[in-house]
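Structures follow.
Paired with chain B in one complex and with chain C in the other, chain A is shared by the two complexes that follow.
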Partner chain A sequence: MNFDTNLIVSIMPELARAFGVTLLTWGVGVIGAAILGFLVAVGRRYGSAWLGYPLWLCVEVIRGTPFLIQLFLLYYGGPFVGLSLEPIPAGLLGLTVYGAAYFSEIFRAGFEAVPPGHVEAAECVGLNRRQIVRRILIPEMTMLVLPASVNMAIILLKETAVLSIITVPELTLVISAIGSQQYAFVESLFLLALFYWGLVELSGRLGRYMEARLSKYRFATA
Partner chain B sequence: MSWKLFELLVQASLYTVLISFISITIGLAIGMVVSAAALSPSRALSVPGRTFVSFFRGVPLLVQLLLIYNLLPALGLNVPSVVAAITGLSLCTAAYQAENLRGGFQSVPRGLLEAADMAGLSAFQQFRRIRAPIALRLAFPSLVNEAIMILKASSLVSVVGIVELTRMAQDLAASTYRPIELFSAAGLLYLIINWLIASGGSLFERSFRWGRP
Partner chain C sequence: MTTPAISVKGLIKRFGEAEVLHGIDLDIPQGQVTCLIGPSGSGKSTLLRCMAFLEEATDGLIFINGEPLGFAPGPQGKPVRLPAARIRAVRSQIGMVFQQFNLWPHMTALGNVSEALKTVHGVRKNEAEERAMIQLKKVGLAERAGHYPSQLSGGQQQRVAIARALALEPKIMLFDEPTSSLDPELTGEVLNVMRSLAADGMTMVVVSHEIGFAAAVCQQIAFLDHGKLLMTGTPQQIFGKPRHPRLDQFLDTYLDRGAAMLV
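== the complex of A and B ==
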């Protein structure tokens, strides 16, 4: 393997863009999935059975099927029902919906883990339902769901690699393409693996650091 | 969608089940060794054990599969792609199972090991007769979960050209131009298999509940 500095310089812009796409899909995917997952959890907990049952079914179907099948259904099946998406929006939507199903379960467990005594106490001092959700449930839940959420965010980072299959120009796609052009497929995949490994380890550490910093706000124990 | 197409999908799903089952079994064996290494007091064993777990849990499975698929021929091992796929899935699940088993091993009651010591069992006998069976039993629910994860993850081996359920659905969708029906049917088959694994797991779990420490 000869080392070619010009090659490295020439692929830099492409790599930077691909890294940007990976970060973008990851960031937007995690935030979108957390918000949608939270809404689903609230809908299942406080909504009527007409809302709760279909939501339950959606969550079970998404959690029981491979992400790749969901992506194919969205990307290749979408145009047949008038939903033609470019790879990046399709990937973002797929990742958000997929993550939301798992996040909704995390939040559901979080709601259940808040001690009923705290809610009863809040009712006694005259807080209405909305205030209870806003001032008691959400703050307590944030602490309870933090470890599982960090874990889920890491899982979603790894799932962004799957988006390469529907030609989202993120790192896995771009690096494999460069690797096969330069006849250095194994080397480039190895670097890619090291990159993901580093990012996952870093995120895990950041998550544990956040947990430690926020632990003083922890009222309920899971 | 015709019955013939569905039949092809069902056949492909059997291949998915076979690949997943082989990978889970190999992964369990490797996972046992890795978790024992990670828990070992010797750093020469625990550092490689923990690195293995961290690496295979930290890299996307797709990247692992592509790497192994291209690495094996580069090392002069010309194996069929299904071997590369099973190797990739096995190593990945081994890391997750090692982590589950580590939890199991750490929950083996100390009293039992002390009793085994008193009864004169050697370290190997203690592992084989006491620690391993109890850890396996404790880790069983996570093992069932992991089986479901691997079944879903096995859809990724379609990218290295294995015609399992996902690839079959993809090929048929391309030739019949009916992606919605085919991917929905494939999804349904995955759901059914997962449901079978989950119910089989809870039945099996109930059958050995008596042995829980």
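== the complex of A and C ==
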């Protein structure tokens, strides 16, 4: 294998831009997915059955179909129902909805893992439903769901590569385009893998650091 | 005669089909310690949880210092539910301590004790923490104020839980087996806190398997069996002879267990 380092240097600016798009879609996608997923989890837990059943169905359908197909349907099928989106907004929306389905399940399990006695203790000292969610459930849940959430964020990072099929100019699209123009497939794919792996490694470390910082909040034993 | 601190009238509790309390009538006198004893599954926790309105009675009424808790007598004799604000007001006279402590793991001891003052009563942080410190001192944990529950022993956690309940200045304290998940050495420190509360004249209802504590500290003992109140009375009346045969049987299992521990 013969590496052309000059080539890599010459495409740096383009790469930097693509890297930025990947980071942006990832960051916005993860935050959007976490927020939407949280709302879905709250809706399913505290809402009526009229809200809960459709939400359940959406979550099941999204988790039961490939992201690639969802994205195709959104981008190429959207205009037929009056939803014409540019590639980046479409990609963000797709990633957010896809991630939210999984995040909602993580949060649902998180809610259930908070011991009922912690909520009863709060009721006994007079906290109302809203105060209990805000002061007790959300903070306790955050610790419980942190490992699964970091994992989900990493999965979503890798899913951003799928956005290339709807022409979002992120890393995978840009690097594979360069690869085919320059007949340098191996170099480009190698570089691509390195980028993703570096990011995954970094976010894994960040997650473990946060877990360590929060460990004093862990559940106490008698 | 003064109004009882708690008055339970004809309390029936069903979980689905199963009736676990079959019409309980019980008065908790002001300023005294009442112990609820009875075999496992007899309904002690359920009765206590009804008094804290953590469970809703299927039928019957509970009065806290004369005021109806949760449900008031209705026109046709059927209890009617009171508005939420009214329920909260009556309930605020009660402090509850759980077997599992139930401290909030993301708050320090001080945070646990001051939380309701800040969030519910709008007391400023400084003042709430000052008031919380007074309670932590009372349970002998002032120097542990900054510790998280995971950094405290079981006995310390339970004392923080007692301080958390006391911070709201309840008129009545309910304890559900407060020492059952503690090692014997840690049991003593919690019982000591409860003894000093009793000495200060706090009205207390204690579900306990500590028969020694019951005999020494309680003015009234209520013996529950299969969802019925078999007898209430002073420790002398309950433990003295002649005894109810069911109580004898119940105490025997305790003596056996105690003897087994000595061997």
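To be clear about the criterion, the second predicted complex is superposed on the first by the 208 of 222 C-alpha atoms of A that agree within 3 Å, B and C clash if a C-alpha of one lies under 4 Å from a C-alpha of the other, contacts with A are read in each partner's own complex, and residues count from 1 in each chain.
We adopt the following convention: a residue touches a chain if its C-beta (ideal position, glycine included) is under 8 Å from a C-beta of that chain, and two chains touch if they have at least 3 such contacts.
Worth saying up front: this structure is predicted, and the values here are computed from it rather than measured.
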Would chain B and chain C fit next to each other on chain A once aligned, or clash?
fit
Between the C-alpha centres of chain B and chain C, what angle is found at the C-alpha centre of chain A, to the nearest 10 degrees?
100
Contacts of A:Y209 with chain B and chain C, given as first, second, both or neither:
neither
Return first, second, both or neither, reflecting whether A:G117 touches chain B, chain C, both chains, or no partner chain.
second
Per residue count on chain A, the busier partner among chain B and chain C is B
Touching A:L73 in the superposition: chain B (first), chain C (second), both, neither?
first
Going by the contact rule set out at the top, does A:E140 touch chain B (first), chain C (second), both, or neither?
second
Give one of first, second, both or neither to describe whether A:Y46 is in contact with chain B, with chain C, with both, or with none.
neither
Touching A:V125, do we find chain B (first), chain C (second), both, or neither?
second
Once the two structures sit on chain A together, report how near the CA atoms of chain B get to those of chain C, whole Å.
28
For chain A, what residues appear in both contact lists, the one with chain B and the one with chain C?
none
Mind listing the chain B positions that touch chain A in their complex?
54-55, 57-64, 66-67, 70-71, 74, 148, 152-156, 158-159, 166, 169-170, 173, 179-180, 183-184, 186-187, 190-191, 194-195
Residues on chain A engaged by chain C in the complex (per definition of touch)
115, 117-118, 120-128, 131, 135-136, 139-140, 143, 216-222
Residue set of chain C touching chain A in the complex reads 52, 54, 88, 91-92, 94-96, 98, 100-106, 115-116, 119-121, 148-152, 154, 157, 161, 164-165, 168, 181-182
Report the residues of chain A in contact with chain B in the complex, numbered from low to high.
60-61, 64-70, 72-73, 76-77, 80-81, 158-162, 164-165, 172, 176, 185-186, 189-190, 192-193, 196-197, 200-201
